[in-house]
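First chain written, first letter: the chains are A, B and C, and each begins at residue 1.
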Amino acid sequence: MINLQGKDILHGAQFSREELERIMDVADMFRNQLETRPSLDYLHGYILAALFFEPSTRTRLSFETAMHRLGGSVVGFSSAESTSVTKGETLEDTIRTVDQYVDFIAMRHPALGSASRAAEIAKAPVLNGGDGAGQHPTQALLDLYTVRSERGQIDGTTLVLCGDLKNGRTVHSGVEVYKHYQVRLVFVAPEQLRMPAVITARLKSLGIQFEETDDLTNALKKADVLYMTRIQKERFTKAEDYERLKDSYILTRQMVENLNPKVVTLHPLPRVNEIATDVDTLPGAAYFRQARNGVYIRMALLALIAGKIQ
Amino acid sequence: MINLQGKDILHGAQFSREELERIMDVADMFRNQLETRPSLDYLHGYILAALFFEPSTRTRLSFETAMHRLGGSVVGFSSAESTSVTKGETLEDTIRTVDQYVDFIAMRHPALGSASRAAEIAKAPVLNGGDGAGQHPTQALLDLYTVRSERGQIDGTTLVLCGDLKNGRTVHSGVEVYKHYQVRLVFVAPEQLRMPAVITARLKSLGIQFEETDDLTNALKKADVLYMTRIQKERFTKAEDYERLKDSYILTRQMVENLNPKVVTLHPLPRVNEIATDVDTLPGAAYFRQARNGVYIRMALLALIAGKIQ
Amino acid sequence: MINLQGKDILHGAQFSREELERIMDVADMFRNQLETRPSLDYLHGYILAALFFEPSTRTRLSFETAMHRLGGSVVGFSSAESTSVTKGETLEDTIRTVDQYVDFIAMRHPALGSASRAAEIAKAPVLNGGDGAGQHPTQALLDLYTVRSERGQIDGTTLVLCGDLKNGRTVHSGVEVYKHYQVRLVFVAPEQLRMPAVITARLKSLGIQFEETDDLTNALKKADVLYMTRIQKERFTKAEDYERLKDSYILTRQMVENLNPKVVTLHPLPRVNEIATDVDTLPGAAYFRQARNGVYIRMALLALIAGKIQ
């Protein structure tokens, strides 16, 4: 039996395989329960603070949806401009204050390590919804869950991760959950956006199989799952670097149909043009189902850390 | 029996007279039920996404109020700046994502036709809260409902619509619901802001009585209902055109008292100075009651499209 | 028995001692009830409008939290930019509209007297969450409640109020509630930011003991409660005046430990650097408990003005 009651959700690396399996099983259970009713009552009367210091559509709205589907309520903000941050308040003071009000804190903040700083201060569990180029663990969980949902199992999967692997927090969090499974990882990135050495070194020390390449075509042929990511403009300091690299990889319908029609395609979204829209209607295009899975995963996390389910 | 279950609400023209009557009857029922209790339970557990890409006070808050008064919850945003639109996400992708989360989508977006584009994509019913200079059907319904509430019936009414009839989406949606009734329409606008020819041609083909003038004084004398609208700065491309036309029509208390003390005055609000504030206390000044009616109408629509009422 | 049903909460001066005591007793009751359950049902189905025309973290989120903890819902906005104020709507029209929708209005607005203007118009009770350099009565109540909670009683307390006493609406509202108790008030401010003469004259006429000084060190020695405030940049018209005065008083851990280790330190927050962060862990550092007390006080006010409790 696992016990996540009162735990913070900060880093993809924090979970054991047993915990990952349990979180996904609870997500499955909620998905089934919501087939016949619009919401559940596990968190009736509980309040989530959604503190988004950076823009977000999916992460914020799916945390809020998860809370409502469990019968709870939400307070918060979607940009720092309407808050006392404009008066010079520190992150620590904002968190310490909000901690007086609510039962859970979900947050996104541009500073690396910000969620961990918040978790040290807050009594309420903190759920990291993205800390700059750092981690995005709920995304990693919903990605993993989508692989399991689409393929029936995770072990034995060849996962191709493609795009900005240097700055992409979703892939950084991702490798920390994939490592518990018998998967082969293929990293596809332009030279300047390769997976950071600290992560590849870590994978080596853990004995995880991976390879690196800049060739999407070849990688796609052997992929069971292709995980595309956006080249994130907001992570570049020079506009010219972004302009040069932004169209490095563009997945087209023809590529999928010719090279690997059965591939399951994921994307954390938003996309700009990494995936042509005519890919969307292919049966393996799972990125919007992936967004929906985010609600079930976040429901599972909230119910587990509230101790309403073990 | 009508059946609106699962329907989108996109255009004033989509309703039959029977549907209009049923929506207004349900609005009346909710109004009565709320006399004795603060909220109802028809949509307990349901979630509305309120996606406002443009500023709004009334439409957003009254959709949200309607949802809460039916026992439901709301997620969303009140400006695109806090969303992934800032990262280059298309409307289509935003809608397809939110559609994974919620049971209804109410939206306002500056692009003509945006709500219809959203409705093609979304499984959840889409309620158009204004698409640029296009349509605003829930406003048309609440306007019609206010005429019925204030006068007891709609047939036999002379309606004077005054202001920016060229760009005013509330009047464009409005004529599409008035056409089902025995009404006389009088359009009062400066030459440059006349009702578009496509709409007057449509009225002619439908055999609807209307006349056009730029003389508010004469029109007011024969009005049962005067519908004032704002000259909308945000619809002009040249500031000088706006400046010249913005004060074309200003309704004063003296005008009402001298010309037509019994007239029912409506306005979709916000007003700038089209109606002097000393008009507000006249018994026929119905524009704030009209705002309240927006809650009952939106409750009716939500309950009907959820299939909780037929 | 007091009766606050339907009352507006506009000004610190509006309460009798009996009302203050009752509000604090109800706050205590709610605090106790929330020990064993996440929320209560007093305002199930009721809707609060939180209309924040100026940035806020604490006041807005604690009003919203209070409403949710009582089982109610919230609509509103956290900045005027997403509303029809951008189209030229007056405060009066915004309030009159929102009044059609909701059961309570909590608001913050930069204009002195704005909450009173709103209260004259709205049928729904208005709760002033700050009107420029005017009043902030719910803050005054939660400050008073924190003094009672921390010390067991209010009578007999020496209160030192320090910082920008000229522009600080929390201290202006504060003196209006302290006046009902046997307290000694010490005002510590630089010459340019002294308590306005209109307030000191009023205290004299009421026979309230107070003294004025610019010496924090001496004042601290005799304080039972030290109420620090921020020098508010947004209240200055000249940047140079702000720069010169902003660091007038900085409370350090050493000062507290050497001069008065038992002092209860309060602050309405946000702080910039008026209180060094190493003060936070001293047992008398009560400013985050004070923030929490804001929820109980606002719950008490909402339940009392709704008539759900007498």
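Operating definition for what follows: a contact is a pair of C-beta atoms (placed from the backbone, for glycine too) under 8 Å apart; a residue touches a chain by one contact, two chains touch by 3 or more.
Just so it is clear, the structure is predicted and the values come from calculations on it, not from any experiment.
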Residue-number overlap at the chain B/chain C interface, same or different (half cut): different
Size of the rotation, in steps of 5 degrees, that lays the CA trace of chain A over chain C: 120
Centroid distance [mean C-alpha coordinates] between chain C and chain B, Å: 39
Chain B residues counted as touching two or more neighbouring chains: none
Complex contacts: residues of chain C adjacent to chain B: 44-47, 49, 73, 75-77, 81-89, 92-94, 96-103
Touch list for chain A against partner chain B, complex: 37-39, 52, 55-58, 61-62, 64-65, 68-69, 71, 74, 78-79, 230, 232-234, 269-272, 277, 280, 288-289, 291-292, 295
